[in-house]
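Two complexes, one shared chain (chain A), two partners (chain B, chain C).
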Partner chain A sequence: MSALKISWQAALALVFCVIAAFTLPLAGAEGSNPFSLGTTFTIFALVGLAALISAMRVTDALAAVILFVGAHGAAWLLLAGIAGNEGAARAPFFLLIAAAWLLAWRCVTVLSALRPKDRAVSTFLRLLIPTVFGAWILILWEAITRGAGIPFVLLPPPSSIGVRLVNSVPVLWADVNQTIFHSVIVGYIIGCGAGFATAILADRVPFLRRGLLPIGNMVSALPIIGVAPILVMWFGFDWHSKAAVVVIMTFFPMLVNTVAGLAASGHMERDLMRTYASGYWTTLLKLRLPAAAPFIFNALKINSTLALIGAIVAEFFGTPVVGMGFRISTEVGRMNIDMVWAEIAVAALAGSVFYGAIALVERAVTFWHPSVRGG
Partner chain B sequence: MDRFRDKIIPVTTLLAGLVVLWYVFAVIMNAPVQRDMDRRAGEDPRFSEFIGKTLAQAKPTLPAPHQVATNFFENTFTRKITSNRSLVYHAWVTLSSTLLGFAFGTVLGILIAVGIVHFIALDRSLMPWIIASQTIPILAIAPMVVVVFAAIGVTGLLPKALISTYLSFFPVAVGMVKGLRSPEILYLDLMHTYNASASQTFWKLRVPASVPYLFASMKVAVAASLVGAIVAELPTGAVAGIGAKLLAGAYYSQTIDIWSALVAGSVVAVLLVTLVGVAGRIVERSMGGRPA
Partner chain C sequence: MQPAHSNTVIEASKLGLTFQTSDGPVRALSDVDLSIGKGEFVSFIGPSGCGKTTFLRVIADLERPTSGSISINGMSPQQAREARAYGYVFQAAALFPWRTIENNVALPLEIMGISRDERKARIKRTLDLVNLSGFEKKYPWQLSGGMQQRASIARALAFDADLLLMDEPFGALDEIVRDHLNEQLLKLWGQTNKTICFVTHSIPEAVYLSTRIVVMSPRPGRVTDVIESTLPRERPLDIRESPEFLAIAARVRDGLRAGHSYDD
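And then the complex of A and B:
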């Protein structure tokens, strides 16, 4: 066995490096700030050395670190160097970005194959791998939009979206306050509460349950979002109409899931409760609701996304001059695409935080469930 | 007759109750406007006349069920289907982008699932993002996609279909990953003892095992796809489609039109989900599955 065991990603990265070396310079003459010789050399050295060293007989952990440093160092230098050269990047620039990306891919592959014994390290890896993936989406996006000079109105680079985000915090905060803290939260609480109460009622009255379940299942396939214009007419332009849309959208998932969850406790356990002579409400509180908790939390999670969508889309039908949906639709009209992306980033963040908060509560409440225990 | 007693009677009773409730609310919600109109016209109708009038307004706050039904029937069956007042025409516009997006989304979802099942690096780097993206209000980008594509000269079907694709590939990808992983160790070991190659294991064990999961997630995906197509029609002031019909109704306060567009959308949704369900049952039966 030879000393080298080169992966196809590293080999391809080296090939790209060689082609790039013959087609220099990195950026065309029309750019105002060409890459210096030193920078170019450093980029080549980072990519080439990382590819070569990772192919030698080093431990996997060391290879991963070297690949990580090489790929991201090269990417950083390339992106930093593109300033002033927007739209002037030539083939070697993209070849080197591709080479760095291949190295990062190799790095992730090596990391995925690691089986660390330490719990903390394994958690760290579980977070690091998707982070690298996400970072590379941003790097490639930045490199392509700025390197190829894609018009700003089509797709702004992530860096300028970030700048826009930081510069318009007050506006974004006002939108979040209107959409999240009024429409979404109020609608979510009322909708989920009503769905839950109806589910308990349906549980007491079997006739109601048999009638409601098929209807609830069918409604979940319908484009409920279409009621938004009607509710905007009824409740006016302010957040009340958006909250009403959210109530309708969150009601049925909660109803269907809770009814399913209340049927989840086993016969044995229910019989046990009967031998304890416990009544309907005691059984409900001590046995059936805890058993239904995973289903209820599932509905809460589904609803967290639905609520955001409902509130934002309802704002397309008319709002006061504030709100995330309003901002998106007007800024699109004014071709301020970076502001739209900033708003989307905020919406994504808000959605993830909302979901994450519910998931945390779920872990605390259903600590006994196999999916949480990990058993 | 168990099915009759357990399902049909409760559902019909409940639906009938809903219709009655709808009429009551229609009278209550339309009454203030009607009283105002009568006062201006100097009329003082009897109670029964008044009720009749509240249920026959041209632009009611809440149209009565029979008004919606009449409007829906007129616009569906009595108009030429090429006329832009025909609901069939609008439903067809929405349906075509829904189906295109749904087809793209399903193929994309299956491809991603196959990749995730076979490459551990893809599983560990992509899967968290797929799950995280479920928490993001994706529909919010719909107007931007449509407008940006219009800016580079791509209009019509494609941008709408892209949004449908985006909405429908998540359920399929997640469902297919689950489905392709559903064969138990026992079966995988059996394939191993047969000396089956990776592709044989894939085609003869994993794919058949994933079919029920595929159709279950396709039902979710087709509904999401329709919602995507409808929302994509909202921002551009689109000329045709159920979403455009909703928006036009909202602008001109044509409440009856909005409601009948909603009914049309619901009919399309139910048809699509039923079709996918039937297709799933046929495929399962032809593969030798027995109804459980």
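And then the complex of A and C:
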């Protein structure tokens, strides 16, 4: 009786298959390239068999592999078959995509429950699960935009964004070089450095601390990006004005966080340094800065995002004919939405790498902090 | 009995300290007269909140007295602190979590500018003394509370000042380790002629270690009794069963009781 132990995802996928089978064909007659009988049958077979076999007494690992192949094989055939049928997809097409998605969901559930002994395998799984998750966002996006024929200017399918991205590498590279490697990096280093130095100064000079901190707290909550047009007038059209925007945007978060961090060391630790007759700078270096490190890294992470936003948006207000913000604003005007999305994808990638690199350094430096060592 | 002035390490007269708190002044110390000579081992014992920690902190220039006067080696507390005249063991370990145990012990030595080789030698010696060899590369949060406290004792010993201020250093340790460290501390004291001020809640510990026991009582914090020990400097652990030892312990207990009944 217990030979079959079907999960609700697999069960629902089977139900969708049955409904789809009664509402064929997959695409309406208005499409120029209808699904062949063979393809349709293969899709049903992949989804149906994967759902059924995964419910039988097989090991979890095998079930995961079968579900993975079934879900992604079916999705691949469905997406490949929609070419030429844009906008002609009918209910069974979406039912089958949904069924494949449910199987992928089940697959990830099974994978997350696996506790492999091998280190390499568990690392692989840790990477595979978010990858499957991300891939399905793209698959659903692709299926919906192309299946339902959503107008290109509203939302292009990811495949055409990808093609555009690959075909415009030189342009994208020039934009990245202008925006990231000049405006963002230079502005970020100057802004964070100045914020840090000012925090130390404010720590030494109580008058500055009392005057500057309330202003710093207020300014770091303002939408500073509004000053971008003024800075473009002051510093010219090239990247210098964008770097200036980034400097202003990153300065105050760094200042406020560093000052908070410098107050974070415990009384007893400071008394201890006092009993050693340790001077201001020695105490700063050996106690207060290490204790402030989690705060400082927090500011560095916030600022990595702010810097990217600042540099891109500042380019909307005048720039030479290169830069990510410039490209986004001009290509939107020309209805080249896929290029806009390509820039967004590049910006997302650059932002993630930037943030990830800081987070890695943070883990290495503040390994002792309870939030990192997990205690 | 007043020790000769040249031999006096700590001299407090009419010392008082009142904390101004949000719900009124708290008299943590009042009219403390005490003089501690070189090479003495003085224990402070008394109920919680009677000002033992506060007194040590005044000696260490971490707290300013509000009345009376105190001198350390003839200097003001601030001068003594700047001359690095004492090592302080706090009630909690206060180790830096980003430093390994050996680097925590090395911290005061780095600040004093002691050479790398000398640092290494002192770290090894003091960690051996507190039975922590083998844990040099561990971080404080990988150690038990008692081990952390022992590391902080090693840190104060590595500092090697002539005056040691210890605030309940063995409070968090089990009986066996405590006995061992008591013995080690006595041995170290016997060899080096350090002056030690030692806060404890344990009567046997106070009697076993001290040449003098200062009994304190709270509200306001003050000295109610000073008991001279008649035990010899050389003290094996089993001296704690001798009638002489028990007699001193009984006196300390009476002193503590008197302080308490005053309170009720």
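Definition applied: the second predicted complex is superposed on the first by the 361 of 375 C-alpha atoms of A that agree within 3 Å, B and C clash if a C-alpha of one lies under 4 Å from a C-alpha of the other, contacts with A are read in each partner's own complex, and residues count from 1 in each chain.
Definition applied: contacts are C-beta pairs under 8 Å (C-beta built on N, C-alpha and C of every residue); 3 or more make two chains touch, one makes a residue touch a chain.
Quick caveat, the model's predicted, so the values are computed rather than measured.
The superposition on chain A brings chain B alongside chain C with room for both. In the superposed model, A:Leu96 lies in contact with neither chain B nor chain C. In the superposition on chain A, contact of A:Ala244 is made with neither chain B nor chain C.
Contact with neither chain B nor chain C is seen for A:Ile66 once the two complexes are overlaid on the shared chain.
Look at A:Ala51: by the touch rule set out above, it reaches neither chain B nor chain C. A simple residue count on chain A separates chain B from chain C, and the partner touching more is B.
Legend: residue contacts after superposition of the two complexes on their common chain; A:Val259 is shown touching neither chain B nor chain C.
Taking the Cα centre of chain A as vertex, the centres of chain B and chain C in the superposed model span 80°, given to the nearest 10.
Once chain A of one complex is fitted onto chain A of the other, the partner contacts of A:Val153 are limited to chain B, with no touch recorded for chain C. In the overlay built on the shared chain, the residue A:Ala27 is in contact with neither chain B nor chain C.
Closest CA pair between chain B and chain C after superposition: 12 Å apart. The residues of chain A shared by its contacts with chain B and with chain C come to none at all.
For chain B in complex with chain A, the touching residues are 6-7, 10-11, 13-15, 29, 61, 120-121, 123-129, 132, 134-141, 143-144, 147-148, 151-152, 219, 223, 226-227, 230-231, 234-235, 242-243, 246-247, 249-250, 253, 255, 258-259, 261-262, 265-266, 269-270, 273. By the touch criterion given at the top, residues 57, 60-62, 81-84, 86-88, 90, 92, 94, 96-98, 107-108, 110-112, 139, 141, 159 of chain C touch chain A in their complex.
In the complex of the two chains, the chain A residues touching chain C come out as 266, 268-269, 271-278, 282, 286-287, 290, 293, 366-369, 373, 375. Those residues of chain A that touch chain B in the shared complex are 105, 108-109, 111-113, 126, 129-130, 132-134, 153-155, 207-208, 210-212, 214-215, 218, 220-223, 225-227, 229-230, 232-234, 304-305, 308-309, 312-313, 316-318, 324-325, 328-329, 332-333, 335, 337, 340-341, 343-344, 347-348, 351-352, 354-356.
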